[in-house]
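See below for the structure under consideration.
Order of writing sets the labels: A, B, C, D, E and F. Residues in every chain begin at 1.
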């Protein structure tokens, strides 16, 4: 069967999403090049494995050679001290785009996060034209990625779809997760549309399933033809029926970022 | 079965919506306190009945004691002379919020109306950020309620969901009602979501079913996770097939308020 | 069976859409008056046929006499030299509205086109309040039609629905057509709603089916109660799976107008 | 010298602004009818004095007879308990507009207040299309006045200019007053423009002088041709040079309403 | 002294504005080519005169040869029957832009009109992104010119500044003219800035002096660095002091277009 | 004479702006602490000098101790390779805000740049709510600073004014500089207002003088009461009179970033 691409690169293959997506990536290309910073086992027949520290410019360049498109899920994906975030998510991003530009790779799908806008309230409706409001160092680093990739599109024509991924785990177990849940199948569809739409320019889209209620208005990415098939509503009945309003000063329910607000920023005292 | 609340208060229990909603309110709380200005019969086992003139501050305070949340459907609900509207919808609203604030009640669901925006045209699309355009004294009094409750949120943290209720009767019998119809089931769902969403702040939402066509864009209340299940389309075939365009100066089809525009304002000559 | 109107006029009956729509028009009126510039065969029992050059004011006046409403599909419908476009789409439009105004006809449904906004990018989301961006002389002439009919509404109360029709052919065969496809059934529904909604004022609406993905946001015409039943998704699987990104300077994929951009404007060297 | 009007009515003549404006009102009309609830001395030759309780419908009707236009400064103008505010600012407003409508008076200039938007932050820029955010009962009552007068315009064609008056005292003595200061001369100009512009419909305008810095964007009322001549900058040097940032939770500097937030709402314990 | 251009073309030299501007055009270029449809006298030393019917494509081409930039003031400039407007303002505009494109002329300054938006109300604030609302055939033809020139920019890179000229006569004698007045000096400055700004793309700007009050918000053309020096305020005192509100249905004061609304559209009965 | 503060910190004292501003800083505080990475001479009597590498967390902490407010002009201020920019503008910014937060310093004025939005066109009007469009690594790093400081406001209440400084050199010598010029006096005023306004929250403002023409709309920072006294118009006459339109593909005139677009991004081949 013909596949969309000959070879794609997926970074962050050993992470949570990387491990869950791995078996689905063969739908996109004949050869799937997987990368992460540390060893994560052997390659399947249609796979290539490249170990790479994103902070190492030359290694990043080698990692990118010969690929048609990139799914960039690598880097730190939770709240952390600044040093490792800067190495992986800031310097790593710069290294990646310098390589992409130099090698003439046309498109990147960038795993951004809902924590780029975690300081909006849970009663706000956010769209892609509104200023980011990061909720920690992790979120700040992902806004950086969106800014840098925008620059590479405006100036050099490198196309990027930034997916602000919601809560992508098998099950939603509280109100916030009901709103932000993203199924693996829907993520795969969104990756497919992001890779195969003829033109994407620089686009910010929101990665959620067809949940009831939403905090994010994705109309500016409507041209991607993403149409989620799953819904978090299947988990709604498992939540406790009894309502107890959260304390007025409970930031984890007041702001969209949820418990991430309790974590960040992490720094030595 | 565990219910969302221990005790809720429903005002306006003897009104049209009150009578239709009464049998559904037990879904929300162990004890449903019902109130209206005049006697409306005995309480069921899970009910409490409190007769109360909303214009009587002390009575309102007593009515509110001990409840977890309030569904405020009381007051005048149609075009009238100013005196009774002021007593019930203006003074009554002030009395209610003073009690709510003093008693530390966290949330009110306020039955507002589409007549807060009845002077928009039937070709306009209205959302919750647009200025109200009331179509009579009744509508003006409901805008007052939205303004007052906003103040109690901004200043004191009392949460209110204002539902601009459409045409909530069993059947839609003309074009305007096709657009604005709200089924009882959908209203119950919307009340449930308004009561149980962890945070609502001060929210204006539009109470309509999943009708084809709409005059109101509810996206700013999307976080409520209200998803209507009914549609007025079931009544569409009963409307006359023959089209006769309304006279150019027929305000009841030109403005969203419909025949209410012919009624108001009522005042002695 | 009662029909919405006694007599409607359909101009452009010999065109592509005219031929496909002809058998459906009897749903709208007891008598369907069909018109085009050149002979297109005999009338069916419920039909009247009027040959008419839109550039001929007196002929246009006669064509319009006695009708309840007009579906104006006449004129040039593709990129052309200016002279014939001006005759049919500019002068013809003026002649039509002078007749409509003089005869007191209340409503026109005007076949506008997506080429009124063909210079927006394929990553843009366009709505009816945004300035037109025509992609050729044909598109410019249709913007003229929208402007003129707006004037006749603002000043004289003639109601017009301008439908910016997408790709209305039996099958979608490329990405652009997937996004812009309009089924005949959906077009018929949209015409029906445009004719029978009690008030339309001057409305610009987008004629597309319920395709996945969209370039056009039709919320300002939501009151028309148009709800497409078809989707281009049925054709998606026939497109080639392999992705080859279009050249960076390929205007036919960069702009919404598609290959029309290669055609226009046509003029003698 | 010809004056704009034969007779105008000024309500609230015994109030702070009424007393300061009184000597300027003769510029507007041959006869100035002054009114307040209690005696405030004798009339000058060009004046008429009418004592009137705004809560008394019949008295209000008599007060309005024979005037060409009204400057409505009457009512409560500071934070108070609800009962007197309702009597003067709610019922009084209804009485006034019923009289205006019945008598065919074409225009009212309504003294609204910046406290209609006192819950916006001092870093916000507010314009007339944004939802009011009252900062107390007084502000809520003025929003009511804006809503009611809007209705009388939309439905009956009564024209009103609502002036959200800033800090109109001789001298500005703190940062908030520097921003919101309005000189008497500028107020007189604004009243003149509000009265004499041929069309005003229903307009909300912001009454401030040409101060440096502003919280309010008045561009939607630009057609009034108001051009302030004074500036609070003359008082800037008298403010203390030393800066001490206000406490983070000091609502009187956080919100535009200033110390009014400490006052309201007043109600019996 | 060095002048901005070697040769510019000014069309409509025999019109009202053409005659008044003629003596000022030498500031812009060494050679000023003047054109109109009928003889208007001899050329001055630095002038060239070309008689040209704008409806004649070949003549228009010849008229444009060898010029660096064009000030297009030609065509009908008042309400008229459609036939002459179409010939001069529609066909003439097409002929001009075909010539401009073919000859590689980089920039046109187009004399548009405030009658492109005459159906906005006198209480509205209009900016360049809002949809035009023409008030007659003349206004409709100028919207056409703006649409066509936009197309030539979007598709071919021809730059145009469309100036929506206000009331450009020596003196303002009523309220509408106070608002819309444009002095000749300010027009000359605006032409200069429109011609000499390095980049203008396709810009719509509003040609008024620094009058008090305004209906038009020109911020989207701020980059032109136009700063009017004159003001209509000098004429304000000559207006009658006495105010008599216009009848509620007086369209000439209700809409921005003024008395033009009484004229149009002109067509044979 | 009383000064606004006891001690302020100015970083980047050895840079271009630092050297020019140094003699003016005593207006702000009794003691001015100056800092830069390398030695820049001795302190004046009212000055303290602290040498500090912004990439050194502990040194930054020491540098910030005991100050009332910070003017942060330190870091790289031109297009450069990524490594030094990351060290000074990314890591340095994080170090600064960790210190500010820990030490409880209430306010920072951050020298951002117009290159945060250099990829907007010279015909665009940009305001503070629009997404940044950086024009190189330098601009990207300043967007990072705006994002990080926003986070520290949203989460911790640290106030920051981000000044997007224009062209701040003694003289404007081309069209771009005419538009973007900022005089030293105006910068000093803007710094003063940014430091002394009681509340600023997180504000983005545009640092330009009162030039004719503008690309940036600063209305969202109007509350700062910044009122420029100088204008670039004094330099306008020195520009060449002759106009030669820039080539259509000249990015330095097409985009606001100007020649910076030719510089970046710098990276080893």
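Criterion: a residue touches a chain if its C-beta (ideal position, glycine included) is under 8 Å from a C-beta of that chain, and two chains touch if they have at least 3 such contacts.
Since this is a predicted model, take the numbers as computed values, not measurements.
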Using the contact definition stated above, find the chains touching both subunit D and subunit E.
F
Between subunit E and subunit F, two touching copies, which fits better, same or different residues at the interface, with half of the numbers shared as the threshold?
different
Centre to centre, by mean C-alpha position, how many angstrom separate subunit C and subunit F?
52
Cα centre of subunit A to Cα centre of subunit B, whole Å, reads 41
The chain pairs that touch are A-B, A-C, A-F, B-C, B-D, C-E, D-E, D-F, E-F
Would you tell me which residues of subunit F are touching subunit A in their complex?
82, 86, 90-91, 94, 98, 119, 129-137, 139-140, 143-144, 147-148, 150-151, 154-155, 261, 264-265, 267
Subunit D residues within the subunit E interface of the complex:
1-5, 68, 106-107, 157, 159, 193, 195-201, 203, 219-220, 222-227
Which subunit A residues qualify as touching subunit B in the complex?
121-125, 175, 178-179, 211-215, 217, 240-243, 245-246, 248, 253-254
